[in-house]
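Both complexes below contain chain A, partnered by chain B and then by chain C.
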Partner chain A sequence: MGSISELVADRRVRMVGGLLALVVAGILPALSGSIAIRADASFAVIFALGILSVVVLTGYVGQVSLCQATFMGISAYGTAWLVNSGVNYWVAAVVGVILAFGLGVLVGIPALRLRGILLAIVTVGVALSFDVYFFQDDAFAWFNGGGGGWGVDGATLFGLQLDAINPENVLHTYWLLLAVFAVVAILLVNLHDSGSGRRFRAIRDSELAAATMGVNLTKYKLLGFGISAAVAGIGGAFFPVVLGRVSSQPFSFFYSLQFAAFAVLMGVRFVPAAAMAGVFMAFVPELLIRLSGAMHVEISYDYFSIVLGALLVLQLITAPEGVWGDSAARIHHLLHRNKRVVAEPTKVITT
Partner chain B sequence: MLLQLEGATIFGLATGGIFSLAALGMVLVYRVTGVLNFAHGAMGMFSTFVAWSVIYEWHPLAASGAEAATQWPSILLAVACALLFAVVLGFVVENVIFRWLRGRPQVTKAVVTVGILLVLQAAASLRFGSTQYHDAIHFPGFAGVVHVTRDLAVSYDQILVIVVALALALGMAAFLRFSRFGKAMRAVSDDPVAARLWGIRVNVVGSVSWIVGSLIAAIAGILITPFINFDTVSLTVLIIDALAAALIGGLTSLPLTVLGGFVLGLMESYPKIWIQSPGFSKVVAIAVILAVLLLRTDRNLLRVGATDDG
Partner chain C sequence: MSLLSVEKVSLNFGGVLALDSVSFQLNRGEILGLIGPNGAGKTTMFNCISGVLTPTAGEITFEDQSLLGLKAHERAARGIARTFQNLQLWRTMTVLENCKTPMDALGNRGIVSDALRMPWATRAERAGDERARAVLHVLDLLHHRDELAGDLPVGIQRRVELARALCMRPKLLLLDEPASGLDAGETEHLADTLQVIRDRFKVSILLVDHDMSLVMRACHYIYVLDFGEVISTGRPEDVREDPIVISAYLGEGSGAADQAPAAGNGRKRTKSQGGTLESDTLPEREPLLVVSGLRAGYGGIEVIRDVSMTVGVGEVVACIGANGAGKTTTLRAISGVVRPSAGRVMLDNVDITKKTSESIVRLGMVHVPQGRGLFPKLTVDDTFALSAYSGKAGGGLDAVYEAFPALKDRGSQLVGTLSGGQQQMVAMARALLVKPKLLLIDEMSQGLAPAVVSQLFERLSIFKQQGIAVLLVEQFVDSALAISDRVYVFEQGHVAHEAVASVLRRDQALIASAYLGTAVDVTSTGGEEPRELEPGLMDELSVKLPAEIKRALQERALQEGKDTDTLAMELLGGKAKK
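Take a look at the complex of A and B:
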């Protein structure tokens, strides 16, 4: 019999665990008839995709980015813009994701020469200039829909109606998103173990060593940025159908910061951590609103942000691997220690 | 309102003074402690709102907030409170947070400042409201203008900003160059371990750098309020302009940083002659950042990114 830690490491066990989590995640929002809960469930998946994009870029390739919400935004705006020009939603969504991929590669170009904080500065600049200019300014009204943004009625997929109004249709959107998330997550886990993934990790651990071993830095850095932006873009492409409209607020600089903060807090190298973080990010505000209603005091979303920032600081001081990574390491340590005690019974008796 | 060339120059110099000030504090902290502070704008913002709160909410020396805003004693008390808060904030940030992060990669420290930014931003939004416009902090008597020509007027506010920026930059450069403590700060920035071996108290130097950085951020925040849409977000996102100015100075040189601030101010201001768009200035800032980072061949600057691999 293998120990529990070996069991957890087993791929099949992980697959079953993931599948179980997926089924539970699929059923839970269906139990509630509330549109708000179901829409929040969809947002949880979208946010999880945003955080997943940080996992790819920072966790796999080791590049810093504070503009992931921008990648999400360009895809959401691109999708909404094309839909409003009469293009089929799914064609528009694919174009949106391609737009995000393209912007990711563009942002990756400075990363060829810059690392660490200098790259972070560039991404802050990208996030802010999109936030306050390209997503808001009337000069780009053809793309951002002018002051109020775009409205999107909904979409159909194989006769299935998806929109933000009917509870049934909201649930359909959520299930589709969940399936997409599962596929993306599996692809990313596989990417991690593939040849490209090894090259990514080589770049993360040491660019110099990776280049010495013959890794094409230019290609794989740009690819890393592109894939990461596309993952965020997939989340963004669903934004119009989940919310029914697109405006600049969800893609602001502060959301980019929250994505980065959450990814680092939960553990920047772990795919399940991203899913957990997405659930927190979408449901805690809703929970705070409900709590406010129950307690007859207003509990603002800002408290959540304060706690998030404070936890991030605390975690970077005490547990740099992130919540997920750190607890995994601790559990492993605990199991390992128990095994040793069992393995050396004589010592225990003699003392 | 579209600006004329002369007006744009004056406006650009004034906002450039602010950028210089904001960047100065950032560069000082970065040089001495190795922390690139993304929360610099947020720290200045919170201190500025302390002053705002004293004037418009508390107004101890006047009957109402509006009256307090026109009286010297109230204004001075408010500024004193803001600066005191800035000192405490700088001290706390260094001693409660960054003292425990010595020797960590620069990126980690930068991400920690993102956490600080989120906390300060959300706290300010809770306490002062997130998006609505707040009344600016004016110094009484500084609202007037000097007519340089018939069409061109320079307000005292603008002159004040430019003078304060230049004075602080020169003063700080002189302090770093000539004073004993300034020498200690430079020693720590060159090599903290060697500095400690020579008997320099690195923790004290770190605390002082953070306090001075926080103070300058507060001064910049208070001085800029008449020129911007004064809310919690616009001061926080000022970091991108400060970063652009700081990069022009290579993250090390104080005089070049100040020059960079003024140049950036002008570059952001001149387009306003042709296009009216509040967000366009950020595009200019990122263009400047990219241009500096991609065109500069300064080894020291590029090493900034390379040293934090481990």
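Take a look at the complex of A and C:
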């Protein structure tokens, strides 16, 4: 007891580390007065929630989904629709998250039979049909607001005004989002280490063993999909207030792909990796474009995709557990270098 | 009235009858063995009990309640735990987490209270932790508790699977091939461990294994399956001497059965020979294939250890031994299909250990694999053309059709539509086309009718006359010995004996021991008659009676043609009150 490595693994150290990161993340956007940067910070958290939903589904339960942005979208549209029907924003947001949970459970039903590539294709179908029809087609104008989507003025929370116009209010929105993310992250870490989390992970590692050891596959697979969709839905419910409107573009299949790709890149089994990936996804494209402006080179968003693709290939070769996962493992290894554990020989009675 | 009762269970796999009306009873507190050659339906039976497969007919009851219609996790909740032949640990979880999972799966705590760390969730977590540690302690695994299950050596992983199953606090433990991948010493240790587990955790155990030494040592009672049917039942020492069982393992109704009772002494007798071949000495042959110290396996499980053998020019050598003894793996390691982890293979004084399979073929050694390795969508002619192309000379098809006249009219037929025997002929003919010096043939007669098998053996003797050396893995021991010059007997991954075929043919006892194991400890099975029975209802009896006594009662009932209840009542002298 008492070595640094054990301290790292200690819950208190994780909490202090998380709190520090939270404070830094809270202060940094406040230092800039720019609405754009503060809004980007909010998007970083929303993306982080989207990636966190992949961590739950793929990292914990081992299921594949390429429609996480759709879950986010159903919640965002649901919230905006209800707000425009005169419902209080936060009530609408809760309904939005519940909608996402429900859709998640529905999408989980094919997962009871299918796995791997076949399941992925089913979710792609869900993503494309929602993207093209439910979120865009005028037949569903009552839900998607018709051509330009919904506009949302903002929301109030305990007298605090939240909107996308005033720099102060944008910052408040960001802080609220950050706090929500922290709570969700803590709950998910708790879940991971608890009995329910072990049942999820048991399904990931061996369904056969999980079933014969008493894990109800139907229940836990559907719950996994539901919880994952709800996490994405929480991000989606903030969309209207952060952007001031809702349109289909951020919920396209392309975003679902990005969520999956970033989750794998940073470490699909780790909650902190989702935070890292959210920041990366929100700021790196912006940074690239600014850099190109400063260097007078024409760089479009496409370059970002190329960079992402190259990074993914590199990562899968050098750090299969993801950037966060492998760095953590390497630090752990460095600290343990001096006390390498020698496997004890098995007790064998020979006569 | 038994703990587990299987009644006339049948299972159809797309037309193939994997289980044919199998019935058996497992009594509380018993270690019951289910044995039989490969493909006999043992693991299928297991899957039916644990809910992975659903039988097409029959009934399985556990504690007098039907299991059919229950899902796997519901059966686990009833108290049935199992292990797996191919390890199914949760590899990215630690050993302790592996052991805690079944408990909280059955405890079924809420996901919300888990995420919120409610006090009751934390308390349950601590209780589960303590129980898991206690089980790990008993199985001597506590020091591995924080290691990832997937990082552990295979032997230890098997023990962790056992611990995980015990953590469920099961009433019935199903063990699927727990000894596979273990060496003789570990197997013996395992047999002792099973007794300890039964006494300490108060579980009944159903055991399936190839390894006869484990089954004979650990089990109180044995059912033997073959082709999905129960062919014999009894105590270990009886089953081992049952002619039907021996012939099932040897693959034909050979004379082995007559002399089998002497099996226990077989090993000692050959040992005293010291490997020298007294009579029937063979002519000196120039060595063609020399294998030394070969080790190989799959995915970390070492299947063969230190296998050394030679095959002379033009010599026919057979490998025999029980299923899982390492014969097929040896052939695969020799022909380069499996990469050996140690050892050397020399063909014609060329080291071929590291060579690829196709370059080995060019050097004149061809492997006819188990299952034949044909292309079902190619015609017979195309198959031969392909082979002639990849071989060096492309020897004439005429010679092939001469050797296998049955194939003559079938040139344009798809290989997949041929009968099993014809397919085997195509596989052998294809091998002949590359003009080999040495032919490795694995389980040539598998799944074929005896008449076809004898035809194939005739072909082999023609090869022999043509000077082609053959290394043969065969279940039809007698036929194999008849055409072979020498024999290697495999046991648990190494060559246990080497003998001249004609000598071994006379020593049937040794053959039987190679297949049925010699490590029987008769004292481990109690054959006592019921002495004093408490009066009471049969229900109570079946719970309270020691398994050994109840089994003896059942056996006697069977002999006298009565049902168990009636017999028990008779023995009680009618004193039992209803």
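Things to note:
Basically, the second predicted complex is superposed on the first by the 334 of 351 C-alpha atoms of A that agree within 3 Å, B and C clash if a C-alpha of one lies under 4 Å from a C-alpha of the other, contacts with A are read in each partner's own complex, and residues count from 1 in each chain.
Just so it is clear, a residue touches a chain if its C-beta (ideal position, glycine included) is under 8 Å from a C-beta of that chain, and two chains touch if they have at least 3 such contacts.
If you're wondering where the values come from, they're calculated on a predicted model, not measured in any experiment.
When the two complexes are overlaid on their common chain A, residue A:S206 makes contact with chain B and with chain C alike. Looking at the shared chain after the overlay, A:L308 reaches chain B, while chain C stays out of its contact range. In the superposed model, A:G18 lies in contact with neither chain B nor chain C. Touch counts on chain A: comparing chain C and chain B, the chain ahead is B. Of the two partner chains, neither chain B nor chain C is touched by A:G151.
Using the contact criterion defined above for the overlaid structures, shared-chain residue A:Q258 touches chain B, although it does not reach chain C. Counting contacts as defined above, chain A residues 206, 208 meet chain B in one complex and chain C in the other. Those residues of chain C whose C-beta lies close enough to touch chain A in the complex are 50-52, 71-73, 75-77, 81-82, 84, 88-93, 97, 100-102, 104-107, 109-111, 114-117, 121, 124-125, 128, 140, 143, 147, 153, 155-156, 164-165, 168, 184-186, 188-189, 192. Every residue of chain A that touches chain C in the complex is listed here, in rising order: 187-188, 190-191, 194-199, 201-202, 204-206, 208-217, 223, 227, 269, 341, 343-344, 346-351. Chain B contributes residues 36, 38, 97, 100-101, 104-108, 110-112, 114-123, 125-126, 130, 237, 239-240, 243-244, 247, 275, 277-280, 282-283, 285-286, 289-290, 293-294, 301-302, 304-309 to its touches with chain A in the complex. Partner chain B is touched in their complex by these residues of chain A: 64, 66, 110, 113-122, 124-126, 128-129, 131-133, 136-139, 206-208, 253-254, 257-258, 260-261, 264, 300, 302-306, 308-313, 316-317, 320.
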